[in-house]
Amino acid sequence: MKKYLVLAMSAIAAILLVACQPQTVEVVQEVEVTRVVTETETVVEEVEVTREVVETVVETEVVTTRGQGGRVTVIYWQAPSNLNPYLSGGTKEIDASSVVIEPLAGYSETGALVPKLAAEIPTIENGGVGEDLMSITWTLKEGVVWSDGSPFTAEDVVFTYEYCSDPDAGCSSANFYEGIASVTAVDDLTVEVIFEEATPYPYTPFVSAQAPIIQAAQFADCLGAAAQECTDQNFAPIGTGPFVVTEFRPNDAALFVANENYRDPNKPFFGEVFWKGGGDAAAAARAVLETGEADYAWNLQVEPEILNQMVLAGRGTLVSGFATNVERILVNQTNPDPALGDDRSEYLDGNNPHPFLSDPVVRQALSMAIDRATLTAVGYGDAGRPTCNVVPGPAAFVSTANDECLTQDIEGANALLDEAGIVDTDGDGIREKDGIPLVILYQTSTNSVRQATQAFIKQWWAEIGVETELRDIDASVFFGGDPASPDTYGKFYADVEMYTNGSSGPDLQAYMGGWTTDQISGADNQWLSPNVPRWYNEDYDALYLQMTQTADLDERADLVKQMNDLIVQDYVIIPLIHRGSISAHANTLLGVRINAWDSEMWNIADWTRAEN
Amino acid sequence: MALNTNEVLLSVDNLKMHFPIYAGVFRRQVGAVKAVDGVTFDVYKGETLGLVGESGCGKSTTGRAILQLYQPTDGTVAFKGTELTDLTGSEMRKMRPNMQMIFQDPQACLNPRMTVGSIIDEPLREHSVADANERRERVNQLLEVVGLNPMHANRYPHEFSGGQRQRIGIARALALNPEFILCDEPIAALDVSIQAQVVNLLEDLQQELGLTYLFISHDLSMVRHIADRVAVMYLGKIVELANQDVLYREPLHPYTQALLSAVPVPDPVLEETRQRVILQGDVPSPANPPTGCRFHTRCPIAIEKCSQEDPVWREFHNGHWVACHLVD
Amino acid sequence: MATAPASLQVDEKFELGEHRSLWGDVWLQFRKHKGALFGMAILIVFILAIYLGPFLYTVDAAYIDPIVANQGPTLAHPFGTDNLGRDMLARMLSGGQISLSVGFTAMLISLSLGVTVGILAGYFPILDNPLMRLTDMFLALPILPLLLVIIMLFRDSLRTAFGPETGIFLLIVTVIGATSWMNTARVVRGEVLSVKQQEYVTAAVSIGTVNRRILVRHIFPNVLSPVMVAAALGVANAIITESALSFLGLGFPSDYPTWGRLLFEGKDFINLTPTRVVWPGVAISLTVLCVNFIGDGLRDALDPRLRGR
Amino acid sequence: MVRFIIRRLLFAIPTLIVISMVIFAILDFAPGDPTGNLPLTVPQDVKERIRESLGLDQPTHIRYVRWLRQFFVVEPQYIIEDLTGLQLINPEDPDAPVRILSWQTRGPVFDLIFQRMPQTLLILGLAYVFGALLAIPVGVYSAYRQYSAFDNIGTFITMVGYSVPTYFSGLLMIIIFSVQLKWFPSFYDTTLEVTNWETFVQQVKQMIMPVTVLSFFNAAQVSRFMRSSMLDNLNLDYVRTARSKGLNERVVVLIHVLRNSLIPVITLLALQIPGIFGGAIITEQIFKVNGLGQLLITAIQGSDIPTVQTLTFIFAILIVIFNLVADVLYGILDPRIRYD
Amino acid sequence: MQKILDVKGLKTRFHTQDGTVHAVNGVSFDVAEGELLGVVGESGSGKSVTMMSLLKLIPIPPGDISSGTAEFNGADLLQMKDEEIRDIRGSQIGFIFQDPMTSLNPVLSVGHQIMEPLRAHLGMSKEQAQARAVEMLKLVGIPSAADRLADYPHQFSGGMRQRVMIAIALACTPQLLFADEPTTALDVTIQAQILDLIKRLRKELGMAIVWISHDLGVVAGIADRVMVMYGGQVVERADVKELYASPKHPYTLGLLGSLPRLDDAETRLTSIDGRPPNLLREPLSCPFAPRCQYAYDRCHKENPALEHVKAKLSGNTHEVACWWDVEGDAPRYGS
């Protein structure tokens, strides 16, 4: 009962307080329809991607008032388990909390920084970033208040830093706050961050939905180990965002109502967000696209043909956004032979090379045999694009040097292997290199699309005389960091493995740093380091060192491209698909701009509903 | 009738069989069902000793305790001088061929999943060294002895009628040439016309093979017919033991008297005039038997002493034993 | 000894009915149960199809052919294809082999555990209490969650030890078998307790038969009736459990098409290619239905009260 | 009877202790990792710190003892506080005992369970009640008219009822009634509060499909059981006695036979009650009812060990309790049985 | 004396999967007011089925009463509708069964079970029925009757339960009582108690009784007339003294001969060899012929009817169904 009262009161308040003023609503809608053209007699010759970008600027005289739109239903079939992104780190929690709490700045759907609680983005030009790259100074928007009415100040920002950087807190965004010497509140509206060393990209702390500002007053008792026990706070953080938590059911559902203290008096348009979880991706897609029970559904990892068929019902639209995630095959540069005991898959300063995969010719052939377009069409649809790079975005960072791999070339691969003298000597259909048959153990996590991909690739590799044994491991084991388990991706007790990775933000420095020699995964670092293929390249190490000292964006982009080409042309990583996020929204829901760089809910305050 | 010698084949002395009762939170023993509470008697070689009593009096338990199918609580059982209660499992196993058993329910005493041949063969397999052919010979012979067609050896028990099944049971008991056979109500489950077949068979076999029977039954007429001596049991004790003609002619114990008078005689003229002693009430529970003489609660002539003192088991006449305070 | 006593001569007249073995009798009774017969017939057809079918229908169940993806039934693919263009009929056949093998093997495991525990507990009073407390404990264990956890726990170690197919197969049948034996054990124990009281067991003891042979020859064959019924229901239960595990994504891996797995993978395609759901769904339901009917028929046929009615 | 109950409860204690150890041990050996589901962009050292903050670095036996204490000492205090309003635990006390916290939500597991209980109890409870209400008359009549058309059809339907897995029938229902006919929602809204007729209709609509599927399944089981229990009794001598007294058939069947036949059925029903709390994992999954079953499966998938341990242990306790209840019921219903 | 029950040509069959069981094959008999008719036969002779058929207590199907009439007080029981026969059961015809252990409903109190027919037939109120139930329990000799109404059957001993059964059967003071082997399951001393009770009740209440038994001794002591059944047929019928003094059917003779006598231990028993008749065959010949030492051709070809023969004792009637005159040692009707 209570929540309806609150709802009604806030609606009335909004109507009374806000003068009716005309408004411009900018609606950018990217509609992508992927259609797989299949003809019975021919091989899938192409995947035709029709991309239609409808960019309309709708001038309206429509008067929107806060809460006018009533309820909007959002399905996150994997429901959030709490609303404190610092304690969960999963996308579902980050997105859900982003309608309540906000960072200083976020990313737009193009990956560009946009101010949220900050008045503007600090740069060297406007003096916000120190010339020595050692500091950044954020100026906060004036007049922002928390949903409980108390003012939002720089102290809250400082508190957020203290909260997450406490090692006992188990903060899942702790890496956002690494390398910081101090965070100080210069005044109520100014925060200065001093880094420990020169930081060419200073926009990590307090930026994006993974690092939002929490209210100091509310979380005061939750520092350090106590963070785990602050259930009330974790389930209902007080925020500055467009909505306020009224009910939260972990792993099930949440109800939000419009924040009556939100800084934009006319927003949000919707008075209530009903956040629903449970079921699976297909059911979520069905609820938006077919039955119309929901307005928005997230992460629709469903076979593309199913989604396309659902779209035909005419109720909703699929939207997809792309960041840097790439599904890739990693080629083990070390010998994973179990006979080696503890030395299997250990780098050992280069003294344990893989018997045949250390040969770049073999790796190249493996890559050439793959038809990325088919994999995309069958497994990903709108949520994927074939790619030949480990850095597929942002646009300025993408190399075009490797695009010939987009075409499958089994003949070429065979020719390459023949030329290198890697041929089938004993007539069993499997090539041998130096007497060692090319038999590959290919592991990945358990997931139906991945297993389909594995099946395809096994078939193609068989055509170039390589035998593949497939193996899939439960995701929680494969991606878990248990040093005792032989099946983690970091241990890499296989010849090749496949998974998706990408940069955590538009800044690629941390991501690119993952393939330097000192990051080789092994026993000495509990297999936690990111250079999983155990790749060693002096040139790459040098380029990376250079990047850490370069602030200029164009130069950085150039370095990234060079590094990308180095690794991709050495075929230690075989990129397959640039994976995006795919969601669906009802046709009546306007203003959705899917964002792969930040929370998909980043602009929920701007969402409206079309008149029917 | 069977030949009578004075050679004691089986000697039972103060045999007790108590089944413990557990109760309470910790399942402690709180008492015992005194199914058999001190019985003493001898069985002579070649005779048939009848053991009669009503249901629950402990007659079957006595039989089974004699054959060590239950571990007796107290007392001794000597078979041809060998003390059975002291034997180990495998020693007892070697004794078993000498003492066999015929059961009440011809349906239940034959394993329905075994052929008649293998049922009769089982004791042979367990105890003899004979090979399969010799055993088959013996099975056929046994089937013929009990009047069944050896051709039917591969049939299952359910294909036979009750009387035929009882013959199969007898054949099994005879397989090992026992000296002693415990007949535990062998005719109770049979129709009248079939009972006579089985009883006649048992009598013929005794004659031919010199068997000794302990014949347990509730049917006093049949016991009188088949037994040389008869023991009457009441609530775990033997109250009277005598030669059959003596016992039926001059029963001493009031229970024996009542029991005999309760048996209907198939003669309407006799029935009209017969005087009956009709006992009142039911048999008390063996878990909580009355003090003193166990029969005193129902005894038409009980005196005070009966409820206090357990009467002594004594030989009243030559070979006529009784346990009653009031018999002089 | 050779001559029969005079009283017995007339027995030559004994007439016996038509010779019928005990199981023959059961079969006769079983035949009266139309549902059971029908179930038996369909199950036999299924088994034949599944085990002989692959010799006649030689399409590779794992062959991917995206050109023919998502087709309904056609001449080339009588059961249609899945989203990777794999032939559904071939997948159904190989899936059926696994599903049925799981059903029967898990049943055998469960049954041998249950029968062993039941017989030991029923026959040896000393073992009765400990074994029955163990049974109670297993009954009180929340099976499904533990099942899920155990599968996640041992899946990979067994895969490594026995190869991908045998490993997971062993795991699933063992886990299903090891968690479903308790009712059989209880029923068998009860039955043993009553069989133990039967005079033919006493007869065997009085003959001097040793315990081992009493168990094998007398006790075991006579508790077979409830065991057979439990066997039928056990198969049904195992098939359902396996498919439910697969349906939760925790059964066989995806390259191992059991019926449950096929249904799980097909469920999203229910509108696009409904056959993908219908074939495995109907196959599971029908098999379980048949087995249940057979169990029902067996129960009737083995019920001594109903026999000879 | 009282002594019997005490005895059984005493026996239950070691059983439950062993079960709790088994559960704890199995889960502890489970390979999952609560941070396994985090994106790879979260660095491994951060994950390590998260694991430490969850207490995963402590030895098993210490965690086991702590969990036992939480389960049997701390949580009951909170429950009592909730029920009575008494203040047993001083919230200001920094050493106040910590409740069992879920690793996924960081919230108390018991709160989660109480939050999930209403929908599970409502759906499974209704399905259970409907199932029994449907099954008993069907079972009675089938047995009474054994081999009649009603019995044959009923047998077939009940056989189908428990042979067709709920995930198949549920799937078909969703496609027919939600997608095609759009009669019922395909998602179950746990936040819906029934305040007026409209919301009541909404609630009924969202419950119809899961309740139907489950009650059909329950009814199939119970009616088979009811039927065979009736058949066991219908041929007994006392029924003939009742008829020989000139009682009419309704009295014979409903008073004499049903009374006896219901005894095993009622105990079966008692034994099924823990199942209501256990939730129907698959049905909840299909109809998106986020109840206890869904809680369990997400906890398993997310390696949320405290939640799985606590839930499974509660199920174990319920199973033990209702086994006892079934036995006691038997003693109450059947005058022949006297427990001591 | 008035006949209260007159059964003619009753045939009952059971259609089983093995074939049709010819359980009762043309049984005719009558019962006079206040008379006690003993029915003797071995298991499978059709004696119980006959009585249960009359009250339609056999399950139909598989049972099937294919022909016959049974006039009870002038109305044909076999033609009655279910409701009509229900009114007769328990109120005008009582029934006592063999096994008192299983014939009482274990979960209903004894009082309830006695009160049921009273309330159903006599429309008594609960209080009246209760009073009557106590009275009945006293009548059948159950001590402290009033206290035992609330007890359940398992709290009674076998003999007491049979008394309760009798109380139920006699609650509505029926004119006729079918007693189906009421003492077979009891011990001799308890049997003597029950027989005594029945004799007393018969004197007090004056109902007619059909007493089924396989025990010729029991029947000898209690019956006025005796009817011997074999293979679903009546083979001999006579007044009780006549029958025992001069049995005329070979089966009756055999039966008496195979019975050991308490008053005579020495004689060897004469057994009837062979096994009981196979009821699956239609009885076209004498059912006893295969076991009969007197049997000749005709016996295997024709089934004899029950015919009056000359009684040994004057004033008695005697009927027998046999082709052979045992006393004359010749075929009865020539050949």
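Quick notes
By written order: A, B, C, D and E. Residues from 1 in each chain.
To be clear about the criterion, contacts are C-beta pairs under 8 Å (C-beta built on N, C-alpha and C of every residue); 3 or more make two chains touch, one makes a residue touch a chain.
What you see is a predicted model; the values in this text were computed from it and never measured.
Think of each touching pair as a link: the shortest run of links from chain D to chain E has 1 of them. Both chain A and chain D are touched by C. Looking at which two chains touch through the most C-beta pairs, you get A-D.
Averaging Cα coordinates per chain places chain B and chain C 47 Å apart. Centre-to-centre separation of chain C and chain D, using mean CA positions: 26 Å. Measuring from the averaged C-alpha position of chain A to that of chain B gives a distance of 89 Å.
Once the centre of each chain is set as its mean CA position, chain A and chain E turn out to be 91 Å apart. Among the residues of chain A, those in touch with two or more other chains are 280, 474, 476-477, 487. The residues of chain D that reach two or more other chains are 31-32, 179, 235, 285, listed in rising order.
Listed for chain B are residues 164, 197, 200, each touching two or more other chains. The list of touching chain pairs reads A-C, A-D, B-C, B-D, B-E, C-D, C-E, D-E. Residue ranges on chain D touching chain E, taken from their complex, read 235-238, 240-249, 251, 255-256, 259-260, 263, 333-336.
Residues of chain A touching chain D in their complex: 1, 75, 79, 81-82, 84, 87-91, 167-175, 225, 227-231, 234-235, 247, 249-253, 255, 274, 276-280, 283, 286-287, 290-291, 293-294, 474-482, 485, 487, 490, 499-504, 526, 528-530. Chain contact summary for the complex, chain C toward chain B: residues 1-2, 4-9, 11-12, 14, 16-17, 19-22, 25, 198-200, 202-210, 213, 217-218, 221-222, 224. Across the complex, chain D meets chain A through its residues 31-33, 35-54, 98, 101-102, 104-108, 111-112, 115-116, 178-179, 182, 185-191, 193, 195, 285, 288-290, 294-295, 298, 301-303. Chain contact summary for the complex, chain C toward chain D: residues 35, 133, 136-137, 139-142, 144-146, 148-150, 152-153, 156, 236, 240, 243-244, 247-248, 263, 267, 270-271, 277, 281, 284-286, 288-289, 292-293, 296, 299, 305.
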